[in-house]
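Naming follows writing order (A, B, C, D and E), and every chain is counted from residue 1.
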Amino acid sequence: MATVNKPVKIGIVDTTFARIDMASFAVEEIKKRFPGTKIVRTTVPGVKDLAAGCVILDKKEKCGIYLALGMVGKESIDSQCGHEASIGIQVAKMLMKKHIVEVFVHEFEGKDEGELYSIFENRTRKHAVNAVLLASNPEELTKFAGKGVRQGRQDAGPIRRSG
Amino acid sequence: MATVNKPVKIGIVDTTFARIDMASFAVEEIKKRFPGTKIVRTTVPGVKDLAAGCVILDKKEKCGIYLALGMVGKESIDSQCGHEASIGIQVAKMLMKKHIVEVFVHEFEGKDEGELYSIFENRTRKHAVNAVLLASNPEELTKFAGKGVRQGRQDAGPIRRSG
Amino acid sequence: MATVNKPVKIGIVDTTFARIDMASFAVEEIKKRFPGTKIVRTTVPGVKDLAAGCVILDKKEKCGIYLALGMVGKESIDSQCGHEASIGIQVAKMLMKKHIVEVFVHEFEGKDEGELYSIFENRTRKHAVNAVLLASNPEELTKFAGKGVRQGRQDAGPIRRSG
Amino acid sequence: MATVNKPVKIGIVDTTFARIDMASFAVEEIKKRFPGTKIVRTTVPGVKDLAAGCVILDKKEKCGIYLALGMVGKESIDSQCGHEASIGIQVAKMLMKKHIVEVFVHEFEGKDEGELYSIFENRTRKHAVNAVLLASNPEELTKFAGKGVRQGRQDAGPIRRSG
Amino acid sequence: MATVNKPVKIGIVDTTFARIDMASFAVEEIKKRFPGTKIVRTTVPGVKDLAAGCVILDKKEKCGIYLALGMVGKESIDSQCGHEASIGIQVAKMLMKKHIVEVFVHEFEGKDEGELYSIFENRTRKHAVNAVLLASNPEELTKFAGKGVRQGRQDAGPIRRSG
């Protein structure tokens, strides 16, 4: 994809709850695609700790953008936790006036562990790229506006006028 | 409709997730109806990034009003994302003390892609007009207060006293 | 009912989405009951714009209290919008440290348009009175504390000790 | 129970919507148990007005703690209102950095009006005591930590290790 | 596990509603594992009071991190209270820019009181350790990133690539 216009510093917050090391996908993808990027990383217990994790990291590191990586379990109560985590992340963005790209995978999304693994990897890698571009070169994203881009699976693609 | 009382600067934030280029409808409609309007645009990955997208754009551009354009997918988890996105947008408005006109289309709203396309277009064009008027000439909206105005479909119209 | 202790300035925000001109009920009731009251009014597209409408009006007009008038449609997605609108209004009150009396009518509340009309009128007129009293003469409301007062329908009345 | 360590000023906000005069229970209980307590009271229309009621009262009265007393109706839409009211109260506490002890009774909690009455009375009286202790003598509450204390009904009591 | 890099001051807030003395598990675990840790504790009535409890404790004690310990009852209305409590805690973290490790046990999680007891103990002890590490030695948590760590039950463990 694109080159970055300015060097980016990205903060990655992940969890011990997730069953896959999401941060490694993100770090690998960013290093490969955007070699000049500075990465800082911290780990929290679960998704509900991600918003505070970003805000606290921001106090020290002043990154240009944050990636919040988490897995939501398959029980109904897990979904509620994911919802509360997302509300926290929305408020955290407002507080920092910065993007936090939220990368959540729900455990029920994959029909088996193999599929789940590939959703984790695909979504995390693609959103890691999104995050760097948002912070450095947002015009690159505008090229894909309204194109039905997806993370975790194949793109849905655009809808044509005639239906 | 109406002429604007003062020149407006409008910020448009759209997404790569949407399956239709909503921003083009908005830009076209505004240019046609309100030629003096200044438009700035930025693109984010999905609806949950819209609130931060508006707030970050506001830091640089100080627009008078914002349009947040997004599509919500048809799964239950997509609806939850849309809900979280809307809460974020409510908080963003409070932070900026400005309107963000939220233009969300849910993928289930159309019975087929053709109908969905027309909902996207109709809702986005009408709300683009609403946004310019809110920022420049809000008395124009008061003329339609309580008239059952709709975006995306035909107006519902007013209810008469006798039922 | 009561006379007001001090002159009140009330801000009314209504919508083009509503199918009845709620603001006219409010204005008429306030003029009849509390003739010295100053009223300012603005109109937004839908319920989700009411919170920002109040906050923006407050920047210019510094009213003592606000009335947020809106209709919530009958689809499930409309209920969600109403919920998001209400959360926005809660946050707006905290920001301004002022009351916003929320007057929402759900389209499903009436069995037909005639009944719906009367709910709109009854609820709006009663809450308009509540708003003026809250801002001027709150002790008047204390006289009715715990009395099962309702807006939109007849009062439910108090529950007696013996059941 | 306990004596208070320092004189408390408590703000009570109740509603006209409730079908029982909750504030009278609170006032009576506080006067009986903690005679030196200063009480100020204000009334709002419904539960959604309680958060702003507390914040506005706090501007004038600077109480040490607040009691928010309300009834939630039995319809599904009433539950949603109660939920929005509670979110507002959470935000109000953060704004003031003070406790608001929320005393909500849902109309469906009692099988008849007699039982409902007794839930109202029991819950309000017990939480009135909680509020005074929170503001004056919080160590008293620690004595009951993890004891399954309930308001509105009998205590559930603690769970024993062996099950 | 790990030694701490710097002395930690932790604030524990628990409730009288819970049916088990969660704070004792936390205090015991912290004293055993991290002897130099300073602990302050306060008790509130229920989960909805935890967010304000942390913020108020923070005004006086300026702890590095907080533990919010609570039980959520088994009725549907209890779940809603738990949800509102969690939203409050998310906002409290943003206000303080500190972590609050939320330790909630839902009464329905255990098939009987014995199992429930063991969930309470396991979750509280593990999260107490998490809290001290978050505040003192967060790199320790990164060693377990993506490992499917659980509190309350056995770890779920990581997902392997091949499924």
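We adopt the following convention: a residue touches a chain if its C-beta (ideal position, glycine included) is under 8 Å from a C-beta of that chain, and two chains touch if they have at least 3 such contacts.
These numbers come from a predicted model, not from an experiment.
**Q** How short can a path of touching chains from chain A to chain E be, counted in steps?
**A** Minimum number of steps from chain A to chain E: 1.
**Q** Rounded to the nearest whole Å, what is the centre-to-centre distance of chain C and chain D, using the mean of the C-alpha atoms as each centre?
**A** 25
**Q** Round to the nearest whole Å and give the separation of the Cα centres of chain A and chain D.
**A** Centre-to-centre distance between chain A and chain D: 41 Å.
**Q** Counting only residues that touch at least 2 other chains, which ones in chain E make the list?
**A** Answer for chain E, listing residues that touch two or more other chains: 87, 91.
**Q** Report the order of chains around the ring; begin at chain B and proceed in the direction of chain C.
**A** Start: chain B; next: chain C; complete ring order: B, C, D, E, A.
**Q** Along chain C, where are the residues that touch chain B in the complex?
**A** Per the stated touch rule, the residues are 14-24, 41-45, 48-49, 51-53, 55-56, 59, 77, 80-81, 84-85, 87-88, 91-92, 95, 112-117, 120.
**Q** For the complex, give me every residue of chain A touching chain B.
**A** The contact residues of chain A facing chain B are 79, 83, 86-87, 90-91, 93-94, 97-102, 106, 127, 130, 134, 138, 141-142, 144-151, 156-163.
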